[in-house]
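Two complexes come next, and they have one chain in common, chain A, joined by chain B in the first and chain C in the second.
And then the complex of A and B:
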């Protein structure tokens, strides 16, 4: 029973982890850039929902479109005002550039919102639980899991079923060839940043229902997101989905396993090690990740 | 020719004095103390409060505070150093021990500070104090509570706050008091109803040393530990930790957490409608102003060990006076952490005044012989007096309980020591419906 409970909790968190990592993998897939500021996009998504729900006095879930729009605009602004210029420099400049963007956004948020911890206090689902037999689920986590899944399906459909999505995939596979075929790769790059920002903005909006927003919150989640991207295969959308689920499930099930065995050593304090051990094993056995393809 | 030589001599002496005098002048008029706090990162909110309290105390020492009845508030500088002003140079270690050590080196070598203060996180204090020891620079610690810090035989490290061993003993005295009917407003609870304890401590120097100490005291006082958890304070999710606690059905849940993880843990436990009879936090996150502000009535019945509670201001005049200045300026009452920051800067000022010099050896001697009387402290302590390990032996802890008042607001009441109790103890812990 404990294992089933942990499995279900793990799936809910895993879906959210996957959505956080989705934008990171899309941007990497299309442009080969690791966006270190991804966690800060998440943090701004959290603040957007927090402030929108507070000022407009609406349910935080209804404020989700605001965080999506903020994410999209932030992604586009980052690309057109900053990243596009970094592309002219060496790869190391891109690395340090997004790292600089991360620091800028962190300290800008600190300047705007101070270091206070902010949480959504009112909302349809906030603070409410669903009891089903022996299981108790936080409604906000159920909503986060389900809406993450829906967001994932929408993006997956867009990328695989629409002409623009296919052009994005073509750009990811071979930029030069895509350009010869008449695809405007610059626009595709911007689109990748818009989708990346939008999805992580939504993830932040879902997260703030049960997690606290503060300027440095991004780093906690972006580490998991990096592990998801590497585990699933750099640039693979399917990969990041299953890697997110795997990490969420491992994180929840492993401590319960330790509890059932009666070992303190296998307790929750060991869970992060297990996540990175799984990552290590998969990278050794399949360097391209679960769903990545060999170069 | 001879007169030319005299003119040249005079010129050289004049130029030399120009070089030397400003240094001597600066030495007398400004004393630099390096203060290391976490001003960004997960503990930034705490760091900001600590910085405010330290700055306010330095301001009281440098410029005086008419309504405060302690000699320090009339000094307007350090009297025995010609009225020299204290200048605090803040450095942000972000909660990272290696960064703390680098910053300490920079403060000592580049900024030429007279001494150091900080660093809040025990793990950072450990590395910073090691740097101070290597360079022979005094460090006065205000609020790091890992017992190991004063067990290293250091000659340049003094700690004003009581440490976790002392606080943990208070916890077990309170548990024992509950079983003996000593707690205000609660009849004796049969020991078997409080027998099983569970702890969840963050896994750095602070939490792991508390965990060890809890285990030792549990054995000494005859309690069982049914679940032992060490977790990362930076974890994005604490559901599995909370599940493990709930599944063990302990009579008492004990925590050692910084702010973000304390908030997340309570929110997660609330989501699971966790039940227990006694819910205690080891200071840090549990007693920060943001803790009560953010969680509101969700913490009704939660206990926190601390060294200062706003209620102290009602029984201690000086505490009330300094708290009033702090509250007027920043809107919050002093907390255990910020009040210790006040005492940290105050200890520095008294040590400098007693040393009558900024020479490290003179300060070392002054610290070893220091004796600040109880009536001059904001804390409900018997004073500040260091033993040979550098530990203040006159400090004591308090245990407070957050209680929901009739107006719906949350207030922190003193429940231990029993003789200082300001309200009836809420037992059992009301939990979350």
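And then the complex of A and C:
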């Protein structure tokens, strides 16, 4: 029973993880850059919803568009003001560059909002739960899972069905060939950052309903997102969805498993550790991930 | 003998470099006599320590071109070995430090073997993961103090065997000696066979492989050398701070700082890590103490720090040493 409960909770979290990792995998696929600052986009999305709902006195769910817009603008700003210049340098400079961006946003948030832990306290769904038989679900988590799923499907259709989305895919497959076909790859890069920022902003807005926002919250989620992206295969959108679900389930089921076995070393302290370990094992054993189409 | 001669041979340096090396060495030697305050002394010790870390990282990260972001785990191994052996069995520093280095070497071979199947981004993130896994284990392992960390027993009298002194000057000279050993080793390393092999691997892995270089083994060797360097520094941190916890010796930000100093100064050059540390350590410290005094400016020091990283990586990925070389070429 505990296991099934954890499984269901894990699926809800997994849907959210998939949305967090979606932007990372799109950016990686289109321009081969690992965005360390992705978690900080999430953190700023959380704060956006928190402050918007507080100041305008509206339901946190209605504040989601604000976090999406913030994410898109942030993504575009990072691309046009910074990432574009990084692309000329070697890979090592790119890694450090996005790392610098991550530190900058972290401490910028600390400067603005101090180190307090903040969570949305008022709202239509906050604090309410749904009980189905022996299982109890928080409404906020259900909303987070379902809205993540919807956002994911919207982006998936955008990329697979529209002309712009196909251009984006073409850029990911072969940048040079795409530019010969008349696709403005610079714009596609910007689009990837906009989508990446927007989706992760929404994810942050959903997360703040049941998770504390603080300036350093990003690093945990960016590592989870890395694991999802690696498991799904770097750059694969379909892969990242199932990988997100798997990681979500793993994170929830693992502590329960430890509880059943009665081992201290399988306890909830290590539920994040197991994700790091999972990443390590996945990339060593199967570098192309579950659905990867290249190495 | 040949190796020692090589290590002390700076003949391929330009005259300006040799003169600055001599002036720099003289300055380091007489620094404690200049009557600097304890704060400045701490900054100098930190500078030498981080130069040592940076030199170690430079073997794999600079010459080998692998983005290694998990060095903090070896700082932790070095520091914890020294601290635990002293607390549990009262084993002197001079014995426990080499043991720590040996453990770090062994561990780096075990980790390095699967790790170097990976390349590029995969590798970089995997190194972060291994480091964080070890930190999480130490954070929850009650036998080694868990998140509370461990305090080293304090001796009444200054003790050379346990490396405990009242004055920072002794620590300063000790880390200076380590620094010079590191510097000479790196001077030998850059001219050694492994050094050339690594540069070849960095330029073109396929070409290196076709010349019969065992790429993976070379990388593992360089990785282990880097780990040994860092573990020595970790051991020093334990006796210098007299208190260690997973956050202070295994944090991700420490790994980043180590790599960053070498990168900012100029990777794959002898001077790079030293310049980087000379630049970043004082900046970090003075900004922190200067801005920390103002209320409401929390985080601004790190914002400046981060902005610097962003500017350097966008405009001059070869670091400060790259700028110097550019200027020199323009001059001649």
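As a convention for this text, the second predicted complex is superposed on the first by the 262 of 295 C-alpha atoms of A that agree within 3 Å, B and C clash if a C-alpha of one lies under 4 Å from a C-alpha of the other, contacts with A are read in each partner's own complex, and residues count from 1 in each chain.
Quick note on the criterion: a contact is a pair of C-beta atoms (placed from the backbone, for glycine too) under 8 Å apart; a residue touches a chain by one contact, two chains touch by 3 or more.
Given the structure is predicted, the values throughout are model-derived calculations rather than measurements.
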Classify the contacts of A:221 with the two partner chains as first (chain B alone), second (chain C alone), both, or neither. first
Determine, under the contact definition given at the top, whether A:256 touches first (chain B), second (chain C), both, or neither. first
Based on the superposed arrangement, let me know which partner A:180 touches: chain B (first), chain C (second), both, or neither? neither
When the two structures are overlaid on chain A, which partner does A:110 contact: first (chain B), second (chain C), both, or neither? both
Output check: A:272 vs chain B and chain C. Expected answer is one of first, second, both, neither. What do you get? both
In the superposed arrangement, which partner chain does A:101 touch: chain B (first), chain C (second), both, or neither? second
Where does A:55 make contact in the superposed view: on chain B (first), on chain C (second), on both, or on neither? neither
Chain B/chain C common contact set on chain A: 106-107, 110, 114-115, 215, 219, 267, 269, 272
Applying the document's contact rule, which stretches of chain C touch chain A when the two form their complex? 61, 65, 67, 69, 114-115, 117-118, 120-122, 124-126, 128-130, 132-133, 136-137, 139-140, 252, 256, 259-260, 263, 267, 297-300, 302-303, 305-310, 312-315, 317
Mind pulling up the chain A residues that touch chain C in the complex? 28, 32, 34, 82, 85-86, 89-97, 99-104, 106-111, 114-115, 215, 219, 223, 226, 230, 234, 267, 269-270, 272-273, 276-277, 279-280, 283-284, 287
In the complex, chain B touches chain A at residues 40-42, 44-45, 47-48, 203, 228-232, 234-237, 239-241, 243-244, 247, 259-260, 263-264, 267-268, 270-273, 290, 294, 296
Partner chain B, residues of chain A touching it in the complex: 2, 5-6, 9, 13, 106-107, 110, 114-119, 121, 127, 129, 131, 136, 138, 140-141, 210-212, 214-216, 219-221, 224, 251-252, 254-256, 259, 264, 267-269, 271-272
